[in-house]
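These are the structures, in structure tokens.
In the two complexes below, chain A is the common chain; its partner is chain B in one and chain C in the other.
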Partner chain A sequence: MRIERKSWNDPVLVATVAPLALVMVAFLLVPLLMTAVLTFQTTQYYRLVWTWDLKIWTEVFSKPHYWTIMIRTVAMALVCVVLTVLIAFPAAYALATRLRTFKTQIQILIIFAFLTDAVLKTFGWILILDKNGVANWLLMHVGLPPEMLNLLFTPAGTMIGMVYNLVAYPMFTIYLSLVRIDRDLILAAYDAGASRVRTFFEVTLPLSRPGLYSGAVLVFVLSLGAFLEPKVLGGGTSPLASELIRQSFETRVNWPLGAALTVVLIAIGALMLVACAAFALRRTSATGRSA
Partner chain B sequence: MKKGTADISSTIAAMKRRSVLKGMGGLGLGLAAAGSGFLASRRYASAAESLNYMCWEGYNAPSIIEPFQKSKDASISIDLITDSAGGFAKLAAGASRDFDLVSSDSPWIQRMGPAGFCRYIDEADFADQFAEFYPQFRAPFEPLAFEGKATGLPTRWGWVGPTVNTKFDKLETWSSYAPVFDSAYKDKICLLDWGDWPIMPLALYAGVNPYEELDAAALEEVRKVLRAAFKNTRAIVADLAVAQKGLIDGSFRALIGGGTYATSALRMKGHDYIQSIVPEPKNGLKQGIIWMEATGLIDNGKNSQIASDFLKYIVSPDVAKQLAITEATCNLVPNSKAEALFSDEEKKALQMDYMWTAWDNSQFHTVAPNIDDMLAIWQEELAAR
Partner chain C sequence: MTSPIIDASGIVKDYGAVRALHGVSLQIGTGEFVALVGPSGCGKTTLLKILAGFEDPTGGRLEIQGRDMHGVPAASRPTRMVFQKLALFPHKTVAENIGFSLKLQKVEKAEAERRIRAMLDLMHLKPDYLERYPAQLSGGEQQRVALARALVSQPGVLLLDEPMSALDAKLKKSLQAELKKLHRELGTSFVLVTHDLEEAMMLADRICVMRSGHVVQVGTPTDIYYRPANMFVAGFIGETNFLPVTATASGEGMDVVSPLVAAGKTTIAPEHVSPSLSTNGTALLVRPETIRFVRGDAAPGEWLLDGQVEEHFIKGASTQYRIRIHGLDAAVIMDLPGSIVLPAIVGEAVRIGFDPAQAFLLSE
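After this line comes the complex of A and B, so read on.
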């Protein structure tokens, strides 16, 4: 295969890339830069005062409660990633292998659930998790004590909502990876005497990693910004970073503080992603060497 | 503005002619149809005068807005706020140049004075409106004053105290906030996540008047009382419907920080066993809080007469009555003449027989000098929970 080298002097290349680059600069880099600049400002009587001041950063680094909430947010996001992947992988695997007859119908159902507004879905869970809700009603009718489940307004309630709202992402990315696996590779493994389990762990799982990783990254990033679930299903008693940021911007009308916390959250997310990318690359190259 | 409408119509007509001439009849008709629909929907946008209005829900009801638009040939653009502080911040950030008037919580209307974008009320011009108010709200009305000048007119009010389901608890139990800290009520308390609203009553219970300048010791007392309250708190809920549902089914035995704003609509729907009361004074400190919404004019350089007219309109008895009873919430209004317009059922839902008792035992919710310190403490204690 001939690789065509392109130069940045090529006007066609520049013209092709420029629109996307402009969009990225205007709608991603500039707002991020403005947010960062905002962190060095102060407020006086709910109005921004344009100065260069480290007061907000001093507050962020001197008050441990901001970091408590940030750590809680990252922990919840990681748990959410694990749970969504654990649920999504078997579902995607079944969809790609065992349920091919009903594939379209199931995909339509998942897409419907995925496209339904998150507010509706989250409030819907109240009807299920409430002490007089569907879950307790079902448990009571199978002979368990009434009001056995007490998940509403707990961190577990938050997690249920987050997993439910985000599970479709890894389901689709993993499914796309699974259907692209060459069936002959699996058959070759069987021919070589590998069991189904060994084939899964040595052929299917490694080849589905791109979908698994991309799904995990999507869930992680979206979990960091989870807002509705901790507020509605978690009862607001264990706030996550997005609520902290909202409170700073809206309730306290402290925009520099809100901006600083936003920058912290973005930085934590970016660092985690870089670490995960490095880990994934190391795994991939290690797999390549051993092969 | 009328001229603008004619210009658009002729342009569309010309476009239609050209479209036909160029053999693009379908597209032309489509444009004409879209254009006529657009013009119909923008009828009020082509009105003689326009008004940009920032307000809470209820103030934007068509039954309130449309008669004014018709009678004044005016168009009103609404910007709904869901957070008083956020609305104020928007104005302070520069939107005050675009808006003519705002309806928000009274401390935020009062704050427009020192913030420098308030168009003060000429009390002589509004003498007829003040004369219709209950004596408690007449000029000079201190909670809305800045440097002796009125920043707005009161439009809705109520009180903040424990909201109780009397099917589960006697009202006497809640003659103080003590049950909030009682282990018998563990996981049965709901705090309303409405900014400073839940903080103020708890501070009062701690013996701290949050509407005065607070020193470090007083702020420490606020910290302790919030920490203790969080121990029994099942949820901190921003959504009124969720809080009301929990109160009705007994998941929550009391809502703290909502008061009549969380109660009256339920009572209107027949849940008259739900009540908001004001606790007894504790060590001489009144434990109830009177909250109030107000409407103020914004100094955007236009000095718009129609904004003043709308302000007079919104506090008039008929409109005040509509403002009192909305789908989402039901609240008291300061216009005494509106009282005669309420049915007995509505008066009962609004707990009108109790309103002056509540008034007498309450602080007025006004600008709290240390509010940011208290909100920071709230954040810190919630994180540490």
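After this line comes the complex of A and C, so read on.
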């Protein structure tokens, strides 16, 4: 489809777009700019001092502690992306191709789980992961040593919570990509002499890339800001960026520092997304035209 | 017919409680062009899918190149399919699409490239299309790529599932001509599924007319047009007229009479009688181009009918009249050569005539 370039002189178009543009400017752009401005100030006795210097930035770049947490956050987000996609793909594939009979029921269950409040779900995991929780109880009953799992208040616990809370996103994006694949393409691959496995790797997987990429991006962005899981299931033993930023603002009442760390997190996320987008575009630019 | 490359006998296919094919038998010769024709839901596509190996028959036996195809997957059959919606891989270039089966067969790269280029040549596609994606090609070009992709592995049988139904009329005509030429040059057996009997007549050596899971008639285009097995086959191509008659055997031929015609008994020669004639609803098939307006006396043996002009359509080279005849449900259709002055106007009372000896006797 050809996209027509509309002119700024089109009054109807400007009128339709203006409200959204204003909202974006007022509630996204202005706060972002304020955050950026804040990073060049300092605090004294818990009060903001307008100085315009690089004191905060020098602090951010000179303390490895902050960077340990930033790197841990990105690493956790990447692991979370890999795990959610690995879990979501087979589930979406089964939903799109195999489980025709109970498809609607399963979709409703996934949506219910997805829409349940994240705080509730995350606390629910404590019951399972606790030393005396359901997981260990089950393991004990199949004859394994009791209290074998010690996941609560570890990064692994955090990860379980993050994966659980985010897995529905790639499941739906991948599902939507898979159901759009024309069945005749699969038959055409068989007809050309391809086995089922070969057909999957030659046709199904490449054509589900849009869903894979969009699901991965969603999970990555959301897990960079993961706040609840490291607190509830990680027990604060290995905090992630959001906890660090919260502490800077609330506990230390150092707004410029919190703002600077926020800018760093946004910059890391944006850079990684741009890199991924460049990679994805290079691989799908030609096929994208057919959609 | 030369030795059959496809030998299907008693093919039955059930979808749950619904029987889609009721014991279909069909032989297709090596290098033959066979068209499977019928209205939608007649089972022609199901039969094609069974030949391709996309569907397993519920019963019956299918042999391709003398090998029993029971349990042989589509991937190992000597057939290749051109899909209705073409099913070109959108994420592969033209070269990758055409060369896909060669890649799977692990054909050496240089050899594969040579064969892909040869296919491109055969299909009159420009070499710089190789690196393009299907979405960047026009409908006709995509069609050629789909044909090239199917033919590159030199299949014994090419299966075509209405591949031209989505094209505009002009492009369709030129591709039909190319398909026929291609078939002549390659000597591969073609099986074409179509709902367009005219297309089937233009292209195929033999036509298999199907209706609700049964084969109604298999024959050459001439057989199908001039010697249709029954009213269904006759009515399938173009517009025709059926005049109900009573038929009685008389020596080699048949004697027919119609209560609407005063002329009385006429004998129809045996070659003008359908071989599968039954007593159920016998009728004369009268082609629109064999009917004329009668102003004066009737020609010897001619049957006359009186009626009123219901409508006329000026088609340029010809003019079509629809004549309402008292006692007939459907209007009689006649095609006259076009003329500057119309021979009759709407509402005019007219007398029409045709030679019953040139008509064809069949039944429902």
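By definition in this document, the second predicted complex is superposed on the first by the 279 of 291 C-alpha atoms of A that agree within 3 Å, B and C clash if a C-alpha of one lies under 4 Å from a C-alpha of the other, contacts with A are read in each partner's own complex, and residues count from 1 in each chain.
Just so we're on the same page, a residue touches a chain if its C-beta (ideal position, glycine included) is under 8 Å from a C-beta of that chain, and two chains touch if they have at least 3 such contacts.
Source: prediction; values computed, not measured.
After superposition onto chain A, the partners chain B and chain C occupy separate space and fit alongside each other.
Judged by the touch definition given at the top, the superposed model places A:268 against neither chain B nor chain C.
When the two complexes are overlaid on their common chain A, residue A:185 makes contact with chain C while staying clear of chain B.
Once the two complexes are laid over each other on the shared chain, residue contacts for A:151 go to neither chain B nor chain C. Once both structures are fitted onto chain A, a short way to say it is that chain B and chain C open up an angle of 150° at chain A, using Cα centres and rounding to the nearest 10. Once the two complexes are overlaid on the shared chain, A:131 sits against chain B while remaining clear of chain C. Using the contact criterion defined above for the overlaid structures, shared-chain residue A:219 touches neither chain B nor chain C, since it reaches no partner. More residues of chain A lie in contact with B than with the other chain of the pair chain B and chain C. Applying the stated contact rule after C-alpha superposition, one finds that A:88 touches neither chain B nor chain C.
Contacts of A:193 after superposition on the shared chain: chain C is touched, whereas chain B is not. Superposed on chain A, the gap between chain B and chain C at their nearest CA atoms measures out to 46 angstrom in whole units. Remark: chain A residues 45-48, 63, 65-66, 68-69, 126, 130-132, 153, 231-232, 235-239, 244, 247, 249-255 touch chain B in the complex.
Contacts from chain B toward chain A in the complex involve residues 83, 85-86, 88-89, 92-93, 111, 114-115, 193, 195-196, 230, 233-239, 242, 245, 249, 251, 372, 375-376, 379-380, 382-385. Remark: chain C residues 52-54, 73-76, 79-81, 83-85, 87-91, 93, 100-101, 104-105, 133-136, 149-150, 153 touch chain A in the complex. The touching residues of chain A, counted against chain C in their complex, run 182, 184-185, 187-195, 198, 202-203, 206-207, 284, 286-287, 289-290.
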